[in-house]
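Structures are listed in the sections that come next.
The same subunit A turns up in both complexes below, where it pairs with subunit B and then with subunit C.
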Partner chain A sequence: MAPVAPRSGDAVFANVERVNAELFTLTYGAIVRQLITDLEEVEEVNKQLDQMGYNIGIRLIDEFLAKSNVSRCVDFKETAEVIAKVGFKMFLGVTASVTNWDADGTSCSLVLEDNPLVDFVELPDTCQGLYYCNILSGVIRGALEMVSMKTEITWVRDMLRGDDAFELRVKLLKQVPEEYPYKDDE
Partner chain B sequence: MQFFGGSEISPSPPVPPASGSNAHMIYVFNRNGVCLFYREWNRPLRTLNVQQDHKLMFGLLFSLKSFTSKMDPTGVEKGNLGVPQLPGQGCSFHSFRTNTYKLSFMESPSGIKIILVTHPKISDLRESLKYIYNLYVEYAVKNPLYTPGTPIRCELFNTNLDQYVRNLA
Partner chain C sequence: MGREVSESCVDSVIIEMVSAYCNRFYVNKPDLAARRIEAIGYQVGLQLSESYTRILLVARYTMERPRFSDHLEAIKFICKDFWSELFKKQIDNLKTNHRGTFVLQDNRFRWLTRMSSDPSTANTDSSQDPSVATAENKSTQATSMHLYFPCGIIRGALSNLGIPCAVSADISNLPACELQLSVCFSITCMITR
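Coming up: the complex of A and B.
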């Protein structure tokens, strides 16, 4: 029996359970607000958001693989396309675009025109260093680590700081193949 | 949503054999060789202690995967035997059959390996293994009280799995 072909982002999005967008946005906003109150330092909040995203990412990857039926991507270019078109669509309902590949194909930008996390949000002057959507960078980093890719993710453009879109720079540091985990003498 | 307290790590109580159950046993491993889940429904012969049995199974599959992908006559590039591969890369075997049982295998790109041992007459189980992977996602991965990388102790997962396996063709 031939394996089922991977589904496109729209097809998967139509099949997953969805939650009210406003509930999602407001819940995320409440989390960020609480983190700012508890931690006070904007850098700490950024780190905490990244860590939370990482913990989400390591679980999210299995749900993504199970529901979308994608097979192993051949190279990093394909990985970035899959994240942008299928991954973002499936979990956030929006697609991103992949641009600005560097010469060796290990670094690219994911550009989001539309981001449900930031509806209704304005950054006050006291929080100017805050990366409000930093959870997204953690999620991508965590998910890619579970498929053997160590990456580094930074924000290039942020609409809450006045830019025209959200741009994430994703850099592949290395691929870590699995090793036989048991020592021979055990 | 229900929450499940994880019980202390202890051997699971023996499952009463379900009549008409088609499968003998199931293993779920993660990429580090930790046996996340083991359940048997019908296993008259047991030769090794539990830890050794898990290690043997994992080692067997690791080697088989490596071997089958190096022997691939259609593969364009071939590393040397023993060079570690990324999970899901290259060709991957999905089952082997002996005169007394059939072992079906599935590995996700995130390194989750699902092994189902059944009677030999059963048809291709690839879709079933995908369904079991979905069950794993629903009841283990999404459970906030479950830590990834540790053995799964979740009643809902056990029940749904038993039910599904009972109905396998």
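Coming up: the complex of A and C.
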């Protein structure tokens, strides 16, 4: 019998190696600041943060699958729940909630009220248009792509822009049928 | 206990930052990439030192601001308290020539342990003879790129303690077979009076 997917990442988070969040928050902040200096255009910074997140996501999914004990999700709804409750918890120590499903169950919102990325962060006026947490959407997109789901992820709410929470809109574009990864002749 | 995140978050972000600077933004300009990576570390060290000295020293000595009687005292603080906060271990060995140069040795530097897979991948490529040296070179170069970040952190931390200095890292004189975990940071303090 397949193991039941855990509904919470608390136990996993308790068992992974953890570090003081301040190092993470400050490191990320310093990176964003340096990117703004070097790339000049806020649009380009958004793009690069997303790309960095994507590259992280395609690697992090392995660790997630190895440590979380999550088995195959039956549908995208379950996938979203697992990201919100297990994925976020396991890496960032916080959980998100899943809301605003559309009728056909292919797009939903992940809402984060607590986000360690933005502790001590304030954006200056010159950074209008910056999606400071864009790395997060990249990570989710990259990770999901590795388990055959093409998604499009956009920010709906952002506390650094004065909203009351962070809200990511996750839209499932297509589910690539799984292919056997090896060819016979290899 | 303050807020915590998984160690892989920090590792992933640092690895990806180094890779973005070396392989995307400044592909053929390793010097520029190195300078940017160091600058990011400097910023982190500056702020971490500010917050760690506040937390650690205020708690221990109920002091408003740490006063180090000399450079050695400040560097001992980096070796013990600061390093423990960052890496859950202290620096293994501290040497100084008493003329402003300090060598800090960490025999199991945490940020290199996660890269220990790199040399083995390089080794698998060594079937064609000419590429062996290049692969090793590349691996060493990649590793050294990752050391600019902690060098920047140390420089930033010391700068916050009022000690302007230059920091470099050395992993070259290691026994070849040992996985490259050991690192020596050389700190040269600048005389500012």
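Just so we're on the same page, the second predicted complex is superposed on the first by the 170 of 186 C-alpha atoms of A that agree within 3 Å, B and C clash if a C-alpha of one lies under 4 Å from a C-alpha of the other, contacts with A are read in each partner's own complex, and residues count from 1 in each chain.
Rule of thumb we're sticking to: a residue touches a chain if its C-beta (ideal position, glycine included) is under 8 Å from a C-beta of that chain, and two chains touch if they have at least 3 such contacts.
Note that the coordinates shown come from a computational prediction; the quantities given were computed from them, not determined experimentally.
Asker: Go through the superposed model and pick first if A:Asp38 touches only subunit B, second if only subunit C, both, or neither.
Answerer: After superposing on A, A:Asp38 lies in contact with subunit C but is clear of subunit B.
Asker: For A:Ala11, using the defined touch cut-off, is the partner it touches subunit B, subunit C, both, or neither? Pick first, second, both or neither.
Answerer: neither
Asker: Name the chain, either subunit B or subunit C, that contacts more residues of subunit A.
Answerer: C
Asker: For A:Glu63, is the partner it touches subunit B (first), subunit C (second), both, or none of the two (neither)?
Answerer: both
Asker: So, A:Ala165: does it touch subunit B (first), subunit C (second), both, or neither?
Answerer: Once the two structures are laid over each other on A, A:Ala165 reaches no partner at all.
Asker: According to the stated criteria, A:Val121 is in contact with first (subunit B), second (subunit C), both, or neither; which is it?
Answerer: neither
Asker: For A:Val156 in the superposed arrangement: first (subunit B), second (subunit C), both or neither?
Answerer: Neither: A:Val156 stays clear of subunit B and subunit C.
Asker: Pick out the shared contact residues on subunit A: the ones touching subunit B in one complex and subunit C in the other.
Answerer: In subunit A, positions 59, 63 sit in both the subunit B and subunit C interfaces.
Asker: In their shared complex, at which residues does subunit B touch subunit A?
Answerer: So the residues of subunit B in touch with subunit A come to 31-33, 55, 58-59, 62, 83-89, 108-112, 124, 126-127, 130, 133-134, 136-137, 141-142, 148.
Asker: Report the residues of subunit A in contact with subunit C in the complex, numbered from low to high.
Answerer: 13, 16-24, 26-31, 33-34, 38-39, 48, 51-52, 55-56, 59-60, 63, 90-93, 116, 119, 135
Asker: Enumerate the contact residues on subunit C facing subunit A in the complex.
Answerer: Subunit C reaches subunit A through residues 2-10, 12-14, 16-17, 19-20, 24-25, 36, 39-41, 43-44, 47-48, 51, 85-86.
Asker: Can you name the residues of subunit A that touch subunit B in the complex?
Answerer: That would be residues 1, 3-4, 58-59, 61-63, 65-67, 69-73, 146-148, 175, 177-182, 186 of subunit A.
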